[in-house]
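Given below, in the form of structure tokens, are the structures.
Two complexes, one shared chain (subunit A), two partners (subunit B, subunit C).
Our next item is the complex of A and B:
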């Protein structure tokens, strides 16, 4: 018998490639450290997830919703530091999500 | 010992009385005149037997009057009247005899005309025995009383029946327009004999019954237009005209008559309203079913209820009807909702403040709350699910935001106190739109929003042609009802759909694939049951290839497959035939494994598709058994049929396949298969019939479903079967196709039909 697939309507979810590729990671724990919303959700000022509310990667390896981080950096209290480790924030250029 | 004085006194008294009787005549000549006058008068008064001609004679009225005057002058009148009344009593047997004769005649023939004759005859007796008017009304009243007392004591029970029939016969006929002679002389006779006063209630009951039969005959089931105007017209033209004889007797002028008719006229008009009210109350459940074609009946009922206090009865009747006909396990939730919505609309016509609705709706709402599929049905209707019949929402009704129950606002100038029968639980809700009312069955609208998401997810994932404009329109409407925020999640779902399409266009342009995934944002879709299926063979390669192209296009994103979702369209090339099918991924996975080798045991198959429970695995395999692609040789051992074993594939329905395995009897299987929308095609069929055959084959998939329904519900109409099959996803047959399938099943003696109801042939 030969099985020929003519058409396959499949379903998938998309994930940010945050570098931590283990599927074993606690999925609910995969949240932005600033707003506590999952990365694949959207930050409090957005309504659409994904390309409209991209992530930003730091050299320190921390990842946030880009809008959350920019808002944080904009405050005086931030001293331009990563909110997680208080190291000066340096965006990891390679991983910046393409803005539209 | 009489003294001299006493003797003298007696002598004087005697002389006085003699003189009175002798009228001062000389000697005893006056006394002789008196005795002749006594004789003449008593002879005149003596009750005669009017049926004996010999006893009848003519009197000289002047002589009679003189004789009475003489008796009166002699002060002997009271004595004579005592004698007269005694005589009357002694002759009452004549009346009794007459009544007995007539009544036994009546009892034989039951003809009310005999009663009419008896009444007129009794008046003859009454007149014949009556004293002359000159004797004064006291005498006459005493006579009348004696006569009537005797008469009423001898009338048998059958007289009342006959009398009633006689009265009824004078009424204008219900069935024809002919006007019956009202027979005024007969009513005069009733009056003379005191029958009118004695039988007043009976006469009224004749009219009441007449009104009742007219109302029921002309108005039952006539709901489109109000009937009250016609009834009032009939009352004034027919009934009032008739009422003149019995109720306005003795009226000298029209004004007098109008005054006399007023009281009974109002009673009869009230009775007409009450009769119509009773009729519409009895019919209320069906009136609601017929809404809006029953507006006339609702307007009548509203008007009647303002006159007749029957609101409690209406509530009681409707609640009982709902309990018996609606709120039971055999009724579809959809039907209950439809009737509830109609009830809301109807009772608002009858009773705008909503007290009746509140009382009637309460049990319906409690019942609906306990049904598991109520929210789903309401939501399906909200999104205009055309498949499940009429929408609950009137398309012309403007779309409103949901209304929350309001507390009473006493500063509102239009505030009115609650109606008197409102009861302590009544909430004076402003009339709100139907959807708000339905949503308020539950305490929170969140349940609806969640259900909406689930329904939308199912529908979006089932879209095959990439066209989900209908869902987009629905979401726009729902935003108005539930608010933008609640529907934000749905917006993301729609965006995922457009994004998926765009991404797929790009991927296809880079590396054409037969795979076309929907890529969803996982936090914005209802929790889709997870699965750990691993697609084997070529499927795994297809997934990997597509995921790679995706990540090239979106370098910061990855795909994670939900392998149990979606549909696969396959073509199987077997030695002697080709089978084409739309199947669920697990089914595709299994058949892919059979391209490796022909025989598999269940225990070996399961680990090859990751992890799946045995019952799901068996369900998936059953699909291929039903298609004749696989065969279960021994329990849980499956073999590929490279060559079809059934000499005429598709000629017999799957259910009659010999050796059907026990799990294929599970009705859920059929539903599951129905979801997959299996469409087998065999090459050896003549092309002209192939489409027809294909459809017949597809119908067989639904047989289990039908069998399950008929097992559980006894017998069903074709419409009902069709409606229930539509609940099976993927079912798209027309009722005509279903009809020919059922006909085929009947020929195979699987079902039988009687009075357009189908049931299993057992």
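Our next item is the complex of A and C:
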């Protein structure tokens, strides 16, 4: 039998590589601790997820929507601290994890 | 566009309704995203056994970047718990409501903290400056700069 493919639809999903494995994500859900929206969603100020609403990594290993974290760091009340561990926020160089 | 606070509070409310609150904490009223009421009871043996108090949350539009205003309800039928960090007008001196607020905290986590603040109380008494504070206290407890001087209870 000979099959000729005439037409095909490519479907893809994406997610930010937060260094968390898929199983943990399925169990706990991966949301921004500030707005509680999934990392792959966007912060409350944005309409479209993706490169326009990226994540930000701290040296302390905590991850947030960049816009959420910057709103917090922009307040005097934040004392420039990570919302999770209250250590001084230092944005981490993005380490590119090896592709699985 | 919905404010930041209403989006986040919608999520918190959904979680409360699907998963329920921790034991001793009951949602009394959440008709809008400006003000919520909870009932707080200390479970097990404590100074406040069998007593229930009403906690009021008022949310600024920038919640959770900005902290909520949290106090016990005091009126003809409600009183604030007698506790060294709770004023008779319902205002609470707790660092997480002020300088130690973090946007990863939530309504339920604040309720739990205040519940355990009551649970660990050894002696029912008002703050030493209660009368002085209450006589000139602002309506919103967030306008008060509390001095956190005791982290034992």
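In this text, the second predicted complex is superposed on the first by the 82 of 100 C-alpha atoms of A that agree within 3 Å, B and C clash if a C-alpha of one lies under 4 Å from a C-alpha of the other, contacts with A are read in each partner's own complex, and residues count from 1 in each chain.
Definition applied: a contact is a pair of C-beta atoms (placed from the backbone, for glycine too) under 8 Å apart; a residue touches a chain by one contact, two chains touch by 3 or more.
These figures come from a predicted structure and were not determined experimentally.
Enquirer: More residues of subunit A are touched by which partner: subunit B or subunit C?
Expert: Higher number of touched subunit A residues: B.
Enquirer: Once the structures are superposed on A, label A:2 by its partner contacts, choosing first (subunit B), second (subunit C), both or neither.
Expert: Touch partner of A:2: subunit B, not subunit C.
Enquirer: Classify the contacts of A:75 with the two partner chains as first (subunit B alone), second (subunit C alone), both, or neither.
Expert: Second partner only, subunit C.
Enquirer: Give one of first, second, both or neither to describe whether A:45 is in contact with subunit B, with subunit C, with both, or with none.
Expert: The second partner, subunit C, only.
Enquirer: Following superposition on chain A, which residues of subunit A contact subunit B and also contact subunit C?
Expert: Subunit A residues touching both partners: none found.
Enquirer: Where on subunit A is subunit C touching in the complex?
Expert: Counting only subunit A, the residues touching subunit C are 33-37, 44-45, 68, 71-72, 75, 77, 81, 83-84, 86.
Enquirer: Per the contact definition, I'd like the list of subunit A residues that touch subunit B in the complex.
Expert: Per the touch definition, subunit A meets subunit B at residues 1-17, 23, 38, 40-41, 47-50, 54-55, 95, 97-98.
Enquirer: Across the complex, what residues on subunit C touch subunit A?
Expert: Going by the criterion above, the answer is residues 2, 4, 7-8, 11-12, 62, 64-67, 99-104.
Enquirer: Which residues of subunit B touch subunit A once you look at their complex with the stated criterion?
Expert: Answer in residue numbers: 461, 464, 488, 491-492, 495, 499, 514-524, 528, 537-539, 542-543, 546-547, 551, 554-563, 565-574, 580, 585, 588, 591-592, 594-595, 640, 642.
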